[in-house]
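Paired with subunit B in one complex and with subunit C in the other, subunit A is shared by the two complexes that follow.
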Partner chain A sequence: MKIDAFDKLLWILLSVVLIALALLLWQGSHRSGASGKSVSDRAMERELTYQARVALVQKLYGPVEELRSKGELQSALLKLDELARLYPGEAHGYILQAEILQQLGLIETALTNYVAGIRLDGDYIDKKSPLSRREEISRFVAEAERSIGSRAAANPSNRTLAVARKDLNYLKSRLAGGCE
Partner chain B sequence: MDLRDREFWMVILSGLALGTLGVLLAVWGNPANSGICVSCFIENSAGALGLHNNPRMQYLRPELIGFLLGSVASAVIGREFKSRGGSAPLLRLISGIFLIIGCAVFIGCPIKLLLRLTAGDLTAVAGVAGLVSGVWIGLKMAVNGVELGPQQSERSGGGLLMPLLFLLLLAFFITRPDFINFSTKGSGAEAAPWLLALGAGLLLGALAQRSQFCITGSIRDLFLVGLRSYLPWGLGIFMVSALIAGAVSGRLNLGLYGQPGAHLDHLWSFLGMMLVGWVSILIGGCPFRQLVKAGEGNTDAGLVVVGMFIGGAVSQSWGIAATAAGVSLYGKAAVLIGLAFMLAISLLLRRREG
Partner chain C sequence: MRLIFAVPNTALKSLALFTALICALLLSGCNAKQEHKVMKIGYMICNSEQETMDRFAPLTRYLSDKTGIEFEPVPVDTQDFEPRFKKGEFALTHGNSLLYVILRERYTLTLLAAEKRGRFGSRTGGAIIARKDSGITKLADIKGKRMVFGPMLAPTGYLAEYDLMLRSGIDPEKDLAYYAIPPGSFKHEKLIYAVLYGQFDVAAAPLLDLELMVKEGKISAEDFVILAQTPIIPYCTFGAAKDTDPKIVAKVRQALLELTPETTVEVGGERVKVLKTAWIDGFEELKDSDYNPIREMAKRVNMPPYATY
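So, the complex of A and B:
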């Protein structure tokens, strides 16, 4: 390949631009401590936002937990209803409702609520999340499997049980992991 | 089959490495049954680049970078790197989008399809049927004159662009600038140690470049020439090695229900993979093969890869990607649009006799 004067000019300009880019990035990386946000800053910011959400959720649903610990499950459900109207998309409400319904022995309704909660926020089955209910949900799935599995097999035409079976499979699949 | 042929053993080695590493990468930390999944990796990487905002699906997968760069290295060493392209570029870009949409509706690329199957996930059977049907349809279309046209050699060196882009992605992965997102939860946070992942990617990319191994290509050859082609042997070895690796690592779980990253909308699994099989035949390879070809300097495959990133972004942003809960309305509509697209371009591209 023959290189003429114009090629040489292009090579020189390319080199200048690349050197300028390298200098810019080098300078930027040294300044980022003062002006820009480093990766650790962003990670910290994200962590703080998450912790703030966890704290807010715990504060909001504190009264429900209190009623539940006193054994006033019906009052806790009423309080949850009230909160659901104020925060309709909040997964924590569904999870708490599921736990209370499970305590009341209403397995199928509890299942529906667990599914709704996890579909809104997968943190509840993550191992590392502070909101994680993975152990509890795993135990619930085993219990629901015994309760629903045999009845669904005996009544294959029962629509409600079929839906419950589907929900149960969803929870099992989410607990098994894999890509989302 | 000639056992003394080096090409045969290269295909066998590729199948063996893909099956074994496909399981091992999941053992080392990737999501269950997703040791290797090009479509999942593309969706994760698109999220890492800020192309979608699902915080649970953002990770610049080193395997993906490795596939392409391994192919580059192998092509350069083997003096096979050559810039070429110019065959229906826009159609290929859009095909790349639909390739990932089909995978997202099934939840996995053809490699993951077989990894899921060999791990005992029976929901993958519908996907296998779909993929085989799609390849068959693609072949029927090709026989009837549907093709994208010839490629030309490019003087411009455009084939270097994808390798350079992936080198840049590798630099982003290592230096982690502010604008690159990394999930801290969900499947995007599940990852094998990065050096292992990158090494596996480089090895598989290089082997696939040497052997031209590809899942849909293997099925295509099985239809066309049966076991006289080496590729179906590679496919067989891939499945056997994944099965053995899965059994040894205790990851075999035979069943239809509660499988990781799977749903029970079998019709849509079938149609999603049918779309993938059909598109793959038209553009000459599955998502993995497109990455490898892009590493050889094929700018058409490079455009498919760009399309795949767009597909990964829209699959997540528009709610197209299926979840364990099933396939959304948008997912179903997107697959049907993809099939309509394939039929329409088949009508437009078809070379008619006389």
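So, the complex of A and C:
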């Protein structure tokens, strides 16, 4: 069989196409490997962001914790007011405020703050979260139940206690696994 | 003509009777309008008469709309509150919790509802503060210092702190270099600034004012040290004179408790939020016994309604 110039040209073109195809396949497989890595990257990024948030929260609210540990509860509350101006939607501030108010024996106002904090961020009742306060909140709910329940039963027409009762039920529902 | 004269006598009599009835009805309407009663609400002035009217005009309108009773706001100076109430110048009262105790003890004022504002709701407290860099670190250090109090009838700007000092073995009359009360309006803010800028060493500051000033960025929490804190006691309170119709009392109480941050009312052609305009978060039902800590403080400090001379 005689191979003429036209055949040679065809063979060359075919080779170019095959090489290009091989290159494309190689690149494709390389890319799919890259995208697999990016999924794990994203998970890592999420984890890093979360860890960074936890670290930031702990750093920001560190002075509040310090004042609390020294028993300077009013100063701690004022510091929280200051932080609330900078980070108004931060759930951690509500949770800390709730804990301090609980320490001061102000059950209803503590309850309002726990509800506000948990509505903003459910991590505080998530067992696995480093921010979790699940046990403390469960103990508080039991205490509030005794305090508010008996008063609400004795004063059924008291609207303030009715609102507190509603808040209490919300916390109980969230602790039981209910969603927002 | 003939027709008119043909009208029977009984028909004429009926017409006359009907006319008389209409006239009587119209006249009774006029009388009712003349007797239309306006109930007045005395509002304790915090800073100025104008500010008090601006704050409480919408709340008063809301109460009128809600109860069907026409109310009128009356701004009243704290010192004049009792004599003007005694004269019957207003039937409903809105004032601080010490005024409530005074009017309750002396005139059997009925408790309607307590105002909620700030983190402690219907209650608040007082604190004795100093500048952080003043070297004053504990309550005992205030002996021999210059102190500034709030107005004398302020439960958490004077009474509670004065009582706290007495209970801690510090007699404000003997153990301070001197003490003063700022003149004019915004007394509570003035005394906090007076400590911040060094005019006084220590101050009797209401926790609510500290909280609001920090939230508004006027002061920093780190500028001050809280040397001591008073118990948490009820805040501003609505009351009614003892002879007020119980139905009106119930209606007003219910209207106050039903207020939400979304409640609006039209005043001067403008629709405004009632609570926000009045600087109030809401109202709460309290019992008279919730005011007992104030009674105990007033007794210890020898203040009205228990002052003895």
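Keep this in mind: the second predicted complex is superposed on the first by the 139 of 180 C-alpha atoms of A that agree within 3 Å, B and C clash if a C-alpha of one lies under 4 Å from a C-alpha of the other, contacts with A are read in each partner's own complex, and residues count from 1 in each chain.
Everything that follows uses one rule, which is that a residue touches a chain if its C-beta (ideal position, glycine included) is under 8 Å from a C-beta of that chain, and two chains touch if they have at least 3 such contacts.
Source: prediction; values computed, not measured.
Of the two partner chains placed by the overlay, only subunit B lies in contact with A:46; subunit C stays clear of it. Looking at the shared chain after the overlay, A:104 reaches subunit C, while subunit B stays out of its contact range. Set against each other, subunit B and subunit C differ in how many residues of subunit A they touch, and the higher count belongs to B. When the two structures are aligned on the shared chain, A:119 is found in touch with subunit B, with no touch to subunit C.
Of the two partner chains, subunit C is the only one that A:74 touches; subunit B does not reach it. In the overlay built on the shared chain, the residue A:159 is in contact with subunit C alone; subunit B does not reach it. Look at A:85: by the touch rule set out above, it reaches subunit C but stays clear of subunit B. Overlaid on A, the two complexes show subunit B and subunit C touching no common residue of subunit A.
Residues 72-75, 77-79, 81-82, 84-85, 97, 101, 104, 106, 108-109, 155, 158-160 of subunit A are the ones that touch subunit C when the two sit in their complex. Of all residues in subunit C, those touching subunit A in their complex are 119-121, 123, 127, 207, 210-211, 214-215, 217, 220-222, 224-226, 229, 232, 257, 284-285.
Across the complex, subunit A meets subunit B through its residues 36-39, 42-43, 46-47, 115, 119, 122-123, 126, 128-129, 166, 169-170, 172-180. Listed in rising order, the residues of subunit B touching subunit A in the complex are 31-34, 37, 40, 43, 56-57, 107-108, 176-178, 184-187, 190, 253, 257-264, 323-325.
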